[in-house]
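Order of writing sets the chain letters: A, B, C and D. Residues in each chain are counted from 1.
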Amino acid sequence: MTTGVQSGATASRFSRSDLMVVAAAREIHDGEMVFVGMRLPMIAFVVAKRTHAPGAVGLFENGVMRDTPASELLYTMSDPPNLLKASYCGDMLSVMSLLQQGRVNVGFLGAAEVDRFGNLNTTWGSRDAQPIRLPGSGGACDIASLSQRTVVLLEHTRQRLVSRVGHITSPGNGTGNGWRRGQGLPLRSGPSAVITTMGVLRFGEDGEAYLASVHPGVSVEDVLSNTGWTLKVAEDLAVTPEPDAAALAVIRELDPNRFWTKS
Amino acid sequence: MMGITSSKLISMQQAIAEHVPSGSMVLLGAQLEAMIPFAAGHEIIRQGRRDLTLVGPISDMLFDQMIGAGCVSRVMAAWVGNVSAGMGYCFRRAVERSIPRAIETVDHTNLTIALALHAAAMGVPFMPTYTTLGSDLLKRNANLCEFHSPVNEERLVAVRALRPDVAVVQVQRADASGNAHLWGNLGVAIDGARASRKVIVVAEEIVAPEVIASDPNRTLIPGFLVTAVVHEPCGAHPSSVIGYYGRDHAFFHEYHDQTRELDGFERWSNRWIAEVPSRAAYLQQLGEPRAGNLRVREHAFSAPVDFGF
Amino acid sequence: MMGITSSKLISMQQAIAEHVPSGSMVLLGAQLEAMIPFAAGHEIIRQGRRDLTLVGPISDMLFDQMIGAGCVSRVMAAWVGNVSAGMGYCFRRAVERSIPRAIETVDHTNLTIALALHAAAMGVPFMPTYTTLGSDLLKRNANLCEFHSPVNEERLVAVRALRPDVAVVQVQRADASGNAHLWGNLGVAIDGARASRKVIVVAEEIVAPEVIASDPNRTLIPGFLVTAVVHEPCGAHPSSVIGYYGRDHAFFHEYHDQTRELDGFERWSNRWIAEVPSRAAYLQQLGEPRAGNLRVREHAFSAPVDFGF
Amino acid sequence: MTTGVQSGATASRFSRSDLMVVAAAREIHDGEMVFVGMRLPMIAFVVAKRTHAPGAVGLFENGVMRDTPASELLYTMSDPPNLLKASYCGDMLSVMSLLQQGRVNVGFLGAAEVDRFGNLNTTWGSRDAQPIRLPGSGGACDIASLSQRTVVLLEHTRQRLVSRVGHITSPGNGTGNGWRRGQGLPLRSGPSAVITTMGVLRFGEDGEAYLASVHPGVSVEDVLSNTGWTLKVAEDLAVTPEPDAAALAVIRELDPNRFWTKS
């Protein structure tokens, strides 16, 4: 259900998903090349295009590039609306090669687990101490390895924000500062933000995540008690800005039945 | 190789019987979420193939079905599941509990699968890349090995060339010799076809050679690289074929909901695979209203180009 | 990068003035004997550029002209001459007698030039290959170095990535944002454009964005990779642009016959380059009968494809 | 001018070029992939297609593949008639990769110099002891390195058939048997025939060229005195078969003014 949040300034009702979408949209700057992904980041890309980043270009690992949003909300990146009037349709390498060239500014990812250094696991999970085989990397490892900035979206629980991922599917900062360079990963690459249902984490010089902002109505204590390690908190901790009317209008237009953005 | 006018057109039943024996390494789903050759996969299941190695980037629901049917001993892919719903329960049962049999998983990324096929298509033993450095994929996948660049001091990953025995590639239209036009997102279809020892083209339409020859830049798979051509309308349902039909999203969710448990999968596969002898029977069971809803409502034709002189 | 609606359309004079300074490494003639951007090369000569490094597979007559004009200090190519007549006399004078100046030649093969650009387009430091093993090209070209495969014991050649400062790519049609449709033989045009820091698209026709967007599989160079767009009808004469005009074979022979000696080249280049301020003036001098004879006599349009759903 | 050759059986008039074209056509077997090249080999490819090898496929390094001959004689491989109704038009690598995969059965080359081991030079020549810079490899080195069989066509003179080429642009058998393998070149590759204006040379187990056939009206002495080394002669030396009427008809149709096949 919609967890409406009353804030001083506005009384607009919006969900945590709305908030995450808009936070993700803010990670996209005008003219940037964006590895979009599906679901919330897909919506965030359109919000950015329609508001502050009209020149952003969306890249999809199936071989599609778009400088205009698709005419319909997509369930998969290969749905016909994502191909019609695309800037480019070709093969996977033609898109992945732009990523490997270092031209992709920001890539969005989900994950089953993220750890204190921003490493991601989408290969092995567990339930009641039983291992669960997850679908795997897809393009996640490629995006985390090669895009200039990686932004992760996920639900904020102790099970998902863990001290150390059981399997590094997609490398973040490994064990800390300098690790990526030591592995041979591109200098201009790495985790930039983790947008959760409770706040936004960013990464310090030491390569470790810290809490940069909490969502409206969420307390720091809530965040810390739902994080699987002792999460550092920024001295200048902010409150995640609320979605404005323009952004919300785009979200409602894209997801009228709130299939993606209900809760 | 045959003369240029020889027809390679055969039935799906015959194509699988002749070119996809048990133990084969098979590339399927090269165009990711679109144009997945479900009809071919279902025929492979009906013919009871075993010990297949499945190769593909993100495999979506088809790999899950073939794993559930016990056709598969190994999967080399970047992602195995159900794009609409996430998990693939047959894949999980096989990996976690060896049901119906144990399978080996060789975990790739989309880029490393693409590069493995690109290396084979280029005729070289490997392709260099930066991806997977520092990941556990690099540690656990024997087809990825770290080395130092011969032209500078960088660390790189060598992705070993992968040569499938057969690639099954869904296309929009082809002529009887296998000259194929495909469009939309191509994924790894072109390198996949060139990397493989045999190529089965599954076409929505068989057209006159003149139609294909009118646009050589669209003939991404030339006939002389093709082993067999199968005419299988709606052969990719429930995935989409742009210009022909859309994606049946609900079908993916229904499969997910109905295959949580083993007996549910068996009911589903009996209904949609074992008990339908052909794609035609499958479509009859799907029903015209549902199939009709997926058809093109608004055409969007490409602007012509001129090859005249 | 600019917003999607911004026009990148500028004149050839402006494109060369802004994006091809002296000392640049320039890719020209990516489509081999067809679609050679002669108009761009002639403008580079008129603007008196110096110390250029020319990159291309088989360069045909344009490289010979630019070398003769003294614009070039280095050539990285597989073949330099005149495809119709063999030798390029300016190239020979420069290499054999340092007239008008000494030039460095980095001898490639077609495949190694293609791989050098492919490596840069793929974002890796090199591409592996078997070609040139045992040849003197391997011994003498520092961009080719032998190494052992990291995945087996084979000997291979590493072709070092080549990143031109600017690629000048002739296309049939583009929109004002640089989204370009090209067809026919593509040579190294696509990798060349992706490998280069800047891309100048030279188009026979500027069309509405809707025309380009109607066929994303034909948009081999998307606009966001393009720096500038030049509308230059007949900009590739005397080479051919399929769908627009044929090759003026006689023009290549005339150039060959008239440039055996230095003074002959100077007369030729004064007449066809120095004294014609623009492509329009060049075409006027060429004359309508001759230009008309090259135009398309019989159109051959591609069959449309449907992107509808 | 046409050097008519009277032979016992037929009295058909044909030129040395006609003879070379037909000899080249015989090197193409049905269903083979052929790196065609221009001029005489181009005509030879069409002769083979129209006579004994209808299933042959022609590959061109500019990115074109054809299973039907072009509608007009080509001056360059990128001329519009070679693109219209081609089996494939794409980029250079898409064709060269088939070559590197070892799928190309035979490739045709010209050369300024060929030596006793079939090495080719198209980079440096000389006249009156002055070095002459030639155009270079183009795709010749690639074809000589990677195609299963390489067939060379050239004029038979002491200046062009030399003991040792001054520059190995395109590797033949190097210094003899085993050299190619030692260099790392594909096992199934190397020079197969040298078709000259006087005869046809083939290569022995030792990797050295020998005279396999002389053209009608040419004596072994003529051949030896015009070869820059002591050329071995086959014990079963043959006379190069004359072009038959069918082949000549194709040649005349393709080159009605005998631009390529006059002399």
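Convention: a contact is a pair of C-beta atoms (placed from the backbone, for glycine too) under 8 Å apart; a residue touches a chain by one contact, two chains touch by 3 or more.
Keep in mind the model is a prediction, meaning the values are calculated, not measured.
The chain pair with the larger count of C-beta pairs in contact, out of B-D and A-B, is A-B. Inter-chain spacing, taken between the CA centroids of chain A and chain C, is 41 Å. Distance between chain centres (mean CA atoms), chain A to chain B: 29 Å.
Inter-chain spacing, taken between the CA centroids of chain A and chain D, is 59 Å.
The multi-chain contact residues of chain B, meaning those touching 2 or more other chains, are 123-124, 129-130, 154, 156, 183-184, 186, 214, 217, 240, 242, 246, 300, 307-309.
Residues of chain A found to touch two or more other chains are 64, 80, 83-85, 89-90, 93, 99-100, 146.
You'll find the chains touch as A-B, A-C, B-C, B-D, C-D.
Here chain D touches chain B in the complex through residues 30-33, 54-55, 57, 64-65, 67-68, 80-81, 83-90, 93, 97-102, 146, going by the rule given at the top. Of all residues in chain C, those touching chain A in their complex are 1-4, 121-124, 179, 194, 213-214, 216-217, 219-220, 222-224, 307-309.
Within the complex formed with chain D, the chain C residues making contact are 31-34, 57-58, 77-81, 83-84, 86-88, 91-92, 95-96, 105, 107-112, 114-115, 118, 129-137, 154-156, 183-191, 239-240, 242, 246-247, 249, 300. By the touch rule above, chain A contacts chain B in their complex via residues 60-64, 75-80, 82-85, 89-93, 96, 99-100, 123, 130-142, 145-146, 167-171, 174, 179-180, 183-186.
Residues 123-130, 145, 147, 149-152, 154, 156, 158, 160-161, 172, 181, 183-184, 186, 211, 214-215, 217-218, 240, 242-244, 246, 296-309 of chain C are the ones touching chain B in the complex.
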